[in-house]
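Pasting the structures in now, so scroll down.
Next come two complexes built around chain A: one with chain B, the other with chain C.
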Partner chain A sequence: MKKAGVQHRILMIILMIVLAAVAFPFYWMLLSSFTPRTVLFQPPYKFFRLDLSVENYRDLFFATEFLTYMKNSVIAAIGAILLNVFAATLAGYGLTRFTFWGKKQFAQGTLFSYMFPAMLMAIPLYIILSALQMRNTYTGLILAHMAISLPLNIWIMWQYFQIVPMSLEEAAWVCGAGRLRALREVCLPSAKPGILSVAIFSFALSWNDFTFAFILQTDKNMFTLPIGLATFVEQTAIHWGMVMSSAVLVSLPTFALVFFLQRYLLSGLRVGGS
Partner chain B sequence: MSFSVRLEQVHKIFGRKGKEIAAVQDLSVEISEREFFTFVGPSGCGKTTTLRMVAGLEAPTSGKIYFGDQEVTELPPQKRDIAMVFQDIALFPYMTVRENIGYPLRIAGIPRPEIDRKVEKVAEILAISDKLPMKPAQLSGGQQQRVAIGRALIKEPKVLLLDEPLSALDARLRVEMRTEILRLHREISATIIYVTHDQVEAMTMSSRLAVMDKGRAVQIDRPKNVFMLPRNQTVATFIGTPAMNIIPGTIVPGGEGLSVRFLGGQFRIDSRHHEKLKGITKAEAGIRPQAFRLVPPTPGKVSGKIFLREPLGLEDEVIVQTPDGTRVKIVSGSGQEFVEGSDVGLDFEPKDLYLFHPESKHTLCFGIDSSSLLGPNP
Partner chain C sequence: MDKKDSSQYWLWVVGTTVPALLFLTIVAYLPILYAVGISFYKKTAFSPTMTWAGLKNYSFILGEADFWAALVRSVVFTVGSVLVQLIWGVGVALLLNRTFRMMTAIRSLFILPYLLPTIVVALVFQWLLNQEYGVINQLLLQAGMVKTPINFIGGLDTAMYSVIGTASWQYGSFVALMVLARLQAIPQRLYEAAQVCGAGTLRCFWDVTLPNLKTTIVLLALLRGIWMFNKFDIIWLITRGGPLKATETLPLYAYRLAFEEFDFGIAAGACTVMFLVLVVGSIVYFKLFDPTKEVEVGR
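Let's look at the complex of A and B:
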């Protein structure tokens, strides 16, 4: 008992050191974002300060296009989440429940296509979306984001549906439910952790994407946050205050997502492990 | 009103060309209204596939299935008036017990108050009323099974299909649920088709059963007949515990007619069987462990040594090794003082003896006669 207690304590100390190393940059970001521009580069640099101000945030909201970028990012992310969940769920279900010609090749191709670096697809996608006149549109950007995230999402859903017992669905059919109803009411609730994984992955990819947004969205009104943030770094000046405050705002949704869904994320991991 | 269920020359072949596996072959059976009919056999014999074809979860490769006068071969499960209990119970994990049982009615679009009323009635019959607000994972195996049965009963199906419903339960619960299912069969009006690998379940519950082997129904009959008049060796050894002893023997002309010689003894065969044994020189003799009696070693009787003795409470299971090395399993009343290694005599009535064809394994005859024991081989 006592030995286990000592071990536990050592483990906690190591964890705290690691946590400090990981969390400090976030803390520094948060602190800097509330530090007035004039004080930011004034030594001494203090770990704690009380002379905080919302100046950076005010500038961000009223002097820049931050809110437009935010809107664009949110629309692209929501679109990517919805389409990814819809497509990956149906594809994953189809792969586990039906036999069709070329099924094995399709599954292998899915994983294979995920292994291509996204950059490799940038130019072909640019050409295709230009031809479709989808540059500077939400649809074009969402499709581009899907092109990167969908293969892995299909793979995730395929794995999830494999652990949903066939007999559950059959039981629903015998109860009188049609195939789609059985999928919706019996299969999907059991695959919920998978669906959430897909949603989070799609969100993260779309929210953080720089490459595709940079290539496809040339109109400043269509910039997403990662591109918009890059404009704060100018040739002659870096607006650190704004970079920091926008970075805080950009990471908030990710924090919230992980914080509220960690229960599902962990249960998803457990399913995969057992 | 329930349906009769009729299968006509049903075949089911799995796999693609070149790698075909015949799961069910040439199966024809007529199950009458309200019958308790069981498909029994070892795993892989095609019994579950047959049930799934009746349910509509699997389409026969050829052949036809009728419910009453209506052909249902191509009908999807939703459109057949059936209910099914699955081997792995298959309760919906995210629904409460109440929602699980009421699910078929919800799909049928029945108003909520009526669903609640019916669910409560079914729950009362199955003694799970207090479990209604719980999730399946909070219940024991037996309670889950009751919920699954409740979900099947609530629709008042014409045909109730049960796929090894008791195999997930422990032994004591299994016996309990067996009685429960029988009681339900008396109370509801559905035709019940039951699948099990447990011959005791099949024998005790069914009005008729089909013994399946390698995709074929070897024998379709009442339990008593399957036990007394097995069509072949597979049925004979599958039904009854412990399994029937099969001992190689020879048919020899002797005395006034034919005799069978096995276990170092020779036994006369009554003339009524002679026709069937024409041209056969070898046969396999079958005798149930319960048909033997252990007696003190007597000249003129089959004898051997006690090889192993397992007390089972009221009875003992004893393995006796005869001088030619054959081992025979015997169930005898306990208290008989035969210790391992001691010499013992084996007594039985020739009426309890079955003879099987050595190659086709078909039953040649049973009860070779009650007449005399000709004595041990010289």
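Let's look at the complex of A and C:
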């Protein structure tokens, strides 16, 4: 009995260390973002501090192009969400409701393209979009972001429509509704959680993307947040407090997704994640 | 109304699947084919024309010491970070499998690093590992473990460890979640049966837990390996491939060829080599796990 107690206590201590290793970077990011510049560059630091200030956030909003980057990121994400939801929902419906040759190949092709690394597509896309004069445009970036998210989203909707029962649609047909009306009024409402998952993943993958935006958007006015933030640490005197405040703001949507919409995330995480 | 051969049926099939297929073709398949195509041409950023080069780009790449060095670094980064992720992930999952209080909060904490934008992870770790102002150096100094601060990111022999460590922090917690899900699916009666036969804790782990985890671990090692091998963003953001190319893996090598030396033909050749590695990995994945089972393709 006593032995078990000691063992339990040791396990608890290890657990605390593990949790600290995962949580500390978040804490330090948050604390640094609220630390005045004069304090931040005077180590050693205290791990708890109350002399907080919003000076870094003020610098971020008024002395950098943060808001421009944010606008670009939001536009790209909205475009990616709309196109992904449209294409993935239709594909999921078609792939579960009809029989035709090539479904296995479609499934394999989708999973295979989900593994394509960004750099492999970004270099040829740079050449192609340059030739079409579509670099530094929202359309080009949104299309590139679809390359990352569409395969996963097709997969999610394919799996999701399998659990939306056919009998519901059949009942609608019996009542005289056509296929389109049955899809719109019966099938789509029951597939809503799947569609929401697709929207969330399209958003997250577009919002998080560095490689595509970095290679395709070379005009400073078209930078998304990750690219803009990367330029903050390329200066000689890095304003770390401001950098941390930008990191906090960029990760806010992630926090929101994890804490409020977690159940929609789990379906997509099963596929493996890049 | 739904005869298989009616024209309306086929209109539906085409109408629902073609948008997705078209997008996938434009943004994923065509660019890859294009990259493979131009790898056989001489094509630079400065001239609009391209001329047939046969295998010249490949013989250039294979004859360049930088390529082989990048390949070796890719393997080091992949094997290193996948190993750390697996050890950390499996260890943490086994630890968490015992405590069920606060499980939802802990799970949220472990999803966070994985979903965080890479730029955030990179910036935070650059700050934590900073030579002058980094809190990790401060802790090491205070504990008396080092005399002078370590140049984690800028040091020739520490840069690769820093990159592996950062990548493992981001993706290791994901491995932990996947392994934990598998652990909780092991039926309790297996453990009970083992205990009845006189197995201790260690024996239970060896004979019940480990065999049940084997498939999950192989799957995670394979998928994470494929992804880490082709990782660009986290490495670039932390070290830019430096110092002195010490962290230049294949994707960064391809990037340098295309956007610093402006030779698209040779860069496409490097991409094709990466693609071939991906194809081999994918074939193993499809043969071993047949992931298409998850959707009922037969219907």
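Just so we're on the same page, the second predicted complex is superposed on the first by the 238 of 274 C-alpha atoms of A that agree within 3 Å, B and C clash if a C-alpha of one lies under 4 Å from a C-alpha of the other, contacts with A are read in each partner's own complex, and residues count from 1 in each chain.
One rule holds in what follows: a contact is a pair of C-beta atoms (placed from the backbone, for glycine too) under 8 Å apart; a residue touches a chain by one contact, two chains touch by 3 or more.
Keep in mind it's a predicted model, so treat the numbers as computed, not measured.
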*Counting only touches as set out at the top, which of chain B and chain C does A:62 meet: first, second, both, neither?*
neither
*So, A:181: does it touch chain B (first), chain C (second), both, or neither?*
first
*Of the two partner chains, chain B (first) and chain C (second), which one does A:254 touch, if any: first, second, both, or neither?*
second
*Have a look at where A:189 lands relative to chain B and chain C in the superposition and call it first, second, both or neither.*
first
*asked:* On the A-aligned overlay, A:101 touches which partner chain: chain B = first, chain C = second, or both, or neither?
replied: neither
*asked:* Just to be sure I read the superposition right, which of the two partners does A:173 touch: chain B = first, chain C = second, or both, or neither?
replied: both
*Please work out whether A:48 is in contact with chain B alone, chain C alone, both, or neither, and reply first, second, both or neither.*
neither
*Using the touch definition from the top, say if A:144 reaches chain B (first), chain C (second), both or neither.*
second
*Should A:87 be classified as contacting the first partner (chain B), the second (chain C), both, or neither?*
second
*Name the chain, either chain B or chain C, that contacts more residues of chain A.*
C
*Using the superposition described at the top, list the residues of chain A that contact chain B and also contact chain C.*
173, 178
*Spell out the residues on chain B that touch chain A in their complex, using ranges where they run on.*
55, 57, 76-78, 82-84, 86-88, 90-94, 103-104, 107-108, 151, 155
*Where on chain C is chain A touching in the complex?*
1-2, 4, 9, 12-13, 15-17, 19-21, 23-24, 26-32, 34-35, 38, 43, 92, 95-96, 98-99, 106-128, 130, 132-133, 135, 138, 142, 169, 173-174, 177-178, 223, 226-227, 230-233, 236-237, 251, 254-255, 258-259, 264, 267-268, 271, 274-275, 278, 281-282, 286, 291-292, 294-297, 299
*asked:* List the residues on chain A that touch chain B in their complex, please.
replied: 165, 167-168, 170-178, 181, 185-186, 189-190
*Parts of chain A lying in touch with chain C, wherever the complex brings them together*: 11, 14-15, 18-19, 21-23, 25-26, 28-29, 32, 40-41, 43-45, 83, 86-88, 90-91, 93-100, 103-104, 106-113, 115-121, 123-128, 143-144, 146-147, 150-151, 154-155, 158-159, 162, 173, 178-179, 204, 207-208, 210-211, 214-215, 225-226, 229-230, 232-233, 240, 243-244, 246-247, 250-251, 254-255, 257-259, 262, 265, 269, 272-274
